[in-house]
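Which chain is which? They are A, B, C and D, in the order written, and residues in each are numbered from 1.
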Amino acid sequence: MTRERIPDDASEQALDELRREAGARGAVPRDGIRPAGAPFPMPSPSAETGYYGLPVLKEPTWTWEVPIYFFVGGAAGACAALSAAARWTGADAALVRKARWIAAAGAALSPPLLISDLGRPERFLNMLRVAKIRSPMSVGAWTLVAFSTSASAAAFADLVDRRLGGSVPVRVLADAAGALSAVTGLGMATYTGVLLGATAIPAWYENAAVLPAHFAASALGSAVGLIELSGRSDRALNALGLAAAAAEIVVGASLETRRGRSLEPLKTGRAGALIRAGGVLSGPLAFGLRLFGGRSITMRRAAGLAALAGSLCTRIGWVAAGHVSARDPIPVLNAGEDRDVEGGND
Amino acid sequence: MPGLGTSFGRGGATTSQQDLANADAILIMGSSMAENHPVGFQWVVEAKKRGAKVIHVDPRFTRTSAMADHWVPLRAGSDIVFLGGLIRYVLENGREFREYVVRYTNAPTLLREDFRDTEDLGGVFSGWDDEAGKYSPESWLYEGAKPKGGEPGHEPSGSGHAKERGGESQDDLNPSPRDESLENPRCVFQTLKRHFARYTPELVEEACGVSKEAFLRIADVFSSASGPEKTAAICYAVGWTQHSTGAQIIRAAAILQLLLGNIGRPGGGILALRGHASIQGSTDIPTLYDILPGYLPMPLFDAKVDTLAEYIERNGAKKGWWNNIDKYIVSLLKAYYGDRATAANEFGYGWLPRVTGDHSHQAYWIEMADGKIEGLFVMGQNPAVGAPNSRFGRKAMAKLKWLVVRDLVEVETASFWYDSPEVARGELSPGEIGTEVFLFPAAGHAEKAGCFTNTQRLLQWREKAVDPPGDARSEAWFIHHLARRLKARAKLDPSPRNAPLEALAWEYPTLAPHHEPDIETVLQEINGWRVADRFLVKDFTELAADGSTACGCWIYSGVFPEPGHDNNKAAKRAPEDFYGRGWGYAWPLDRRILYNRASARPDGKPWSERKKLVWWDDGARRWTGNDEPDFTKSKPPDYRPAANAQGDAAIPGDAPFFMHPDGMGWIWVSSGLKDGPLPTHYEPLESPVANALYPKRQKNPAAATLERPGNRYAAFPDRRFPHVMTTYRLTEHHTAGGMSRTLSHLAELQPELFCEISPDLAREASIVHGGWATITTARGIVEARVLVTARMPSLTIAGQIVHQVGLPYHWGSRGLVTGDAVNDLIAFSQEPNVRIMESKALECRIEPGRRPRRAGAVEKLERLMEEPAGNA
Amino acid sequence: MSAEPASARVRPRITGFFTDSTLCIGCKACEVACKEWNEIPSDGFVWSGLSYDNTVSLGHSTWRHVKFVERLPVHGAGGFSSPDVSWEFSSDVCKHCEVAGCLEACPTGSIVRTEFGGVYIQPDVCNGCGYCVVSCPFGVVDRRPHDRAFKCTFCYDRQKAGMVPACAKACPTESIRFGELEVLRREAAARLVELRAGGVEDAVVYDPRDTSVGGIHAFFLVRGDPKMYNLPERPEVPTVRLRPAWRSAGAAAAAILTAAIGAFLFADGK
Amino acid sequence: MIREALLRWPLIRQILEGKDGTGPEAMSERTRTLRPKTDGAQVARSVCPYCAVGCGQLVFHRGNRLVSIEGDPESPISRGRLCPKGSASFELLTHTQRLQKVKYRAPFAKEWAVIDLETAMDMVAERVWESRERTFQETRDGRPVMQCRGIAHLGGATLDNEENYLIKKLFTAGLGMVAVSNQARI
């Protein structure tokens, strides 16, 4: 397991370059090289800079699949909710069917994404060893299981139902599964926000109350977008799209107006850019396209597309922001001085 | 060992690590104990908890300083000025423990009329011969003492490990003239006062760079821990010994402790902190050229000791313990040559090789460089990076016909022929090196049984846990099976030279699975036995001079008094008291604190309840107490020897230092040291600073520089090498790294060679923290990472700023982490008494950036040496 | 949310670490002893230039970590007497929080509270989801690339056999004390008084008990501001954010459902 | 049967015991039966091979293989404690870079060769004998010298007293070698 480093000139140059990078960015998350050794000359430890300015927290170890999973799972979950709502309100059966199939597709895609991120994928079933109400990851795992089953069951039952040219028991089963998938789907759309909010990473936990709603809105927006892109243009969908976009505008505005060092990562650098892009795409842009697009299908699809892109950027951006935030020791060291935690520990 | 040996009688630490807990003050100097002896340091922490003050004097603020109450940075190489300053402070302020000094030391003894001090002769004592470059110490003798046998003084070939010419100062005298009022201007006390009169706080400030205030505070704290109720201890390591005045630095500490009455008492003493598992043992049972086991001198050719009688006459003493030397040498010869050692052939004395010159490490390495040595054995050592001037050393090895290396891993010494810097630099190439190399895998400490002797003279047995892997074997196995082969061959060729080999007693039973010799039988031979019936002797008091006993090392005799593993005292693991009696075996005779007779007043009662250790039990008519009395148990305090009594009988009942003919602690050493009866400050062989005391005597005149191509020195002054350089170890590594660079869990803790420099020097030389620097001396050139730290202060010496460069020396070209060998920078040089190199204070230059690759490095060095030294 | 936090149960003999930095000599024996016993690989040979600290932080392959806080030494004054910290060493380790973020976050039940009150990752259960990594307010838990999460086990295997954890056993100067938590807390209080009396006014005990973490089973005595040692002023267990987060989630879900039903009823109402 | 199977599922235990999945109910078989690796190993009393403090060590071994090395709490010197080097002495004996065979390099060769131990011993004995024959001096101006100057030795401070004794006995008293040295000085 030990790596030997022969200090030849080439590796030295690499190291120096990395140290410069580390000096600029505070840390370089790269195998074998640590943020240590930079910046030079070394700052002596103090209450202000902490221990040589080194990070207190560990960065998330998640791989690229995770934000994608947040996006897919959220969208699929919202779709399931929409299909159920449509069914209950006696809306067009075709719409219900489309929504169910999109949800089922997302439900099928989600587990592989989540599992491939695990350090030990072969042990993914251990997620079901226990059920821990205080662990968003555990709640999420169970939700995902329930959602994947119910969503695909609903879609499948729907298929059977049509083959048999309408069979009551099957339709009842389909509706039951649909209802379940709606509830768990809403969980899928929101729990990922709780997952990030209830961590030790300042940029995330400072937004514990915002993230779930934020992700929900973004999920709704992308769900609407997906259904529309699949060829629907119901007014109801457009209305929901408007609502989602409006919510995103509110969230974006609140983020922009709040200040504080722990929020920096949300506004600066790559992460900041992604979050802002996401906000604009799924907020003002989508809203404008729907509002001024009138009855134009193209404009609605464009809005849907914008919402989808925005939603993806948002998820990637927030995860990236967590990395940056974890590297900054100052908010971690000084946390809690001025703020008493909302809710507290029940 | 002569620093301690000549002062007290034995060349070993006078105390134990545990006993530090009893000290009221502890001076750590020439050592970073917390870093290099962390587990021993727990006893210093213990003492701190009990309220002791800890003082650390060191050029660097180390992990030891971080735990100390007082730390003062001093310039590397100015130790004797600092200690001399303390001695003067004690004398001027009457801080000495008067009764102890008068009754237990030679302070009252009168000296000869013709003695002249360094203060009179501008830096040398009387008897100095400039042509011969050595002293004739006759004028150092006590008044009325006659030099014994032939011309006085030392043979140049001899070295300080042995008790050479022991006690010539006393034999003809009974008792020596003393002035217990200490007023007589010719008594040792007054001479001492005069000698150190100029070592004022001002001089300390000027020469050491220690502020007057700091010095006075420390002097007060340390000298206050003295008298009946208090004691202070001193800990030192190679930070003292590796100097051209090494033995004399330790002498200065000994004088200080004798004046304060801190020897032989709880919480007192001088603790020499050794750096290797059995470095004390390898001197007690020496792999050294000038002594035989038990500090018996090797026969010196120049000393004209061709017969055993001459040897005993010259090296023995009529008074004091060394009167027994005949018993010890004869018993040793019986152990060596067995039945072939008879009275008729002087027990084979004639077979022992004669020492005809300096055969010490550095001396024979130079012969190696000149092609005079054909073969070399290296066992558990790594001179290719671990020895001074390792660059010179590696080139010398290329001149060998054959080389045998035994170690756990392939060390640089075995691989020099293909991966040394010299090969990289094109100075050597495998195709041109004719050295035949054998690299043997060695057994580790848990793969063989045997005992180490630790820093406090404690023999501790190791049980064997597992067999060594593959073809790995112990050194004992190697020697045993080599001996078998050679003796068999000697049988076939009965020439005189083969007589000793053939006569060598070599019957050791071997054990499965590898035919390892049974080590306990070797320890029994070391303990000694009666030749007639092989009954093990109880201890060395049973040894005889008539050939009826055999003993491999008299000072260890008593470690195995009866057969059977249960009687192997080194293997004892049942400690009974604070000093650990019942755990291991401390030579001599399991005594844990040496000279502990001094812990009682002359009348035999403890100095105080708080500091009692051993005392005279009048009822039982014997010495008793919390330790084995280091004294003849039955000898009452009021015992007075009869005129012309001999040996131990000639030692009075109130003379604790009975190894010495006069039974006194020697503030004054009239015989046994080659560079003077008292310590004197000389600058290191390389120093940017002029000798503030003796402008005409810059450096120790008796020290050898061994200057030659490949072992060059900086001039004085020398602007090419303006900075003081010192080397040291880190907690995370061991010596030159052979036992740590290959271990991932240690290597990652200190992965690169670095130098420590002050912010001032960094600014001056425009060197950046975390970057690279190239350090050069007249011998070699290395590159190192830079750690800029205020822990390595620049000091003001005689009005000018002196920068110091610190370098740990653990790296080499092999292992998980590699780096340049700092020992390439160190010079071969010899302290006169023990021929140790000076690696703690040299001159260097430092520049930003990495050294040139390949041949460029050498070219850079040579260009630099061609530059004029000029004025600094 | 369950009635009480996971770890507030009453347990038998609760053990702890009391790391007294004023006794630490920075020898790193604890780091090595830990790695040798737990058979942890080295984590790279990179020279940091940060005083003598080259392991830099706790991580998946460093479960004890000695920090070297280097300031300005004062000539004449040793580090111990100096009013300022001149060179302070402190051995960091998993805090084994009373209310542990990693323990509550773990979805597999791999992380458990042992009978000694320690927080232990079961190596055979953890699937490396990495949620404990972002849930530790002290940045202790770490996931080894393509492997599971690692951290100090509190030598659970040794404790089960009544043995002292490897680091505490090796520590040459008893800077790392192991024992019954409450006893250690009393000793720390006494030591603090003793030090202050001895003129070491800047000594403080770091054991955040007035935050949601509710105290730590491995607590520290350091000199100067704990922040110099990267010890947070008020660490909080992440689960304190569950309530606001779930509230927001619930509201959002409800909103979506209502909006959807409303939309289909009225927008497309036929 | 099925009941057992189900009870092995922590979720079931959790529900039955009404726990939250952070305690014993979540422990695996391995965790419940966890024991220290030194359980049932044999112990040798030893001493640390690094510096001269002389710390006591307990060497745990099983079936001729090392298991672990720890401090010996009974040692009056070290009281069971070890420094980083002492703590690493298990790796010192077990790491992969340890030599297991004799390596031999012939004069002017560019490569190592691996040779058999006994052969190596015979070769070394041969070299010693020849060098001694060439460089031995019996007398100088009529007085005994009995000295072999052509062979030198270095090492000892890391070896055992018994080994140093045998080295001095063979090399000096037997072969007449005087150039014998080690690290030990003052």
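Throughout what follows, contacts are C-beta pairs under 8 Å (C-beta built on N, C-alpha and C of every residue); 3 or more make two chains touch, one makes a residue touch a chain.
Computed from a predicted structure; not experimentally measured.
K.L.:
From the C-alpha centres, identify the chain that is farthest from chain B.
P.N.:
A
K.L.:
If I average the Cα coordinates per chain and compare with the overall Cα mean, which chain comes out closest?
P.N.:
D
K.L.:
Which chain pair shares more contacting C-beta pairs: B-C, or A-D?
P.N.:
Result: the pair with more contacts is B-C.
K.L.:
What whole-Å value do you get for the distance between chain B and chain C if each is reduced to the mean of its CA atoms?
P.N.:
Roughly 46 Å separates the two chain centres.
K.L.:
Just give me the whole-number Å value for how far the CA centre of chain A lies from that of chain D.
P.N.:
Taking the average C-alpha coordinate of chain A and of chain D, the gap between them is 55 Å.
K.L.:
Indicate the whole-number Å distance between the mean C-alpha point of chain A and the mean C-alpha point of chain C.
P.N.:
28
K.L.:
Using mean CA coordinates as chain centres, what's the chain B-chain D distance in Å?
P.N.:
So the centroids are 26 Å from each other.
K.L.:
By residue number and range, which residues of chain A touch two or more other chains?
P.N.:
Answer for chain A, listing residues that touch two or more other chains: 2, 4-5, 37, 40, 42, 129-130, 132-134, 138.
K.L.:
If you look at chain B, which of its residues touch at least two other chains?
P.N.:
If we look for residues of chain B contacting two or more partner chains, we find 38-39, 42, 731-732, 744-746, 748-749, 751-752, 769-770, 816-817.
K.L.:
Quick one: which residues in chain D touch 2 or more of the other chains?
P.N.:
Residues 10, 14, 20-22, 25-26, 69, 81-84, 86-88, 91 of chain D each touch two or more of the other chains.
K.L.:
So in the complex, which bits of chain B are touching chain C?
P.N.:
Residue positions touching the partner: 34-35, 38-39, 41-42, 45, 48, 54-56, 61, 63-73, 211, 213-214, 217, 730-732, 744-752, 754, 769-770, 785, 787, 789-791, 793, 816-817.
K.L.:
Where on chain D is chain A touching in the complex?
P.N.:
It comes out as residues 9-11, 14, 20-22, 25-26.
K.L.:
Going by the contact rule at the top, pick out the chain C residues touching chain B in the complex.
P.N.:
Chain C reaches chain B through residues 23, 25-29, 31-32, 35-36, 41-47, 49, 51-52, 54-55, 70, 72-73, 75-81, 86-89, 172-174.
K.L.:
Which stretch or stretches of chain D touch chain C in the complex?
P.N.:
10, 14, 20-28, 30-31, 34-37, 39, 68-71, 80-84, 86-88, 90-91
K.L.:
For the complex, give me every residue of chain C touching chain A.
P.N.:
It is residues 1-2, 5-6, 41-42, 44-51, 53-54, 56-57, 59, 61, 67, 69-71, 99, 101, 104-110, 125-131, 133-149, 211-212, 224-225, 227-253, 255-257, 259-261, 263-265, 267-268 of chain C that touch chain A.
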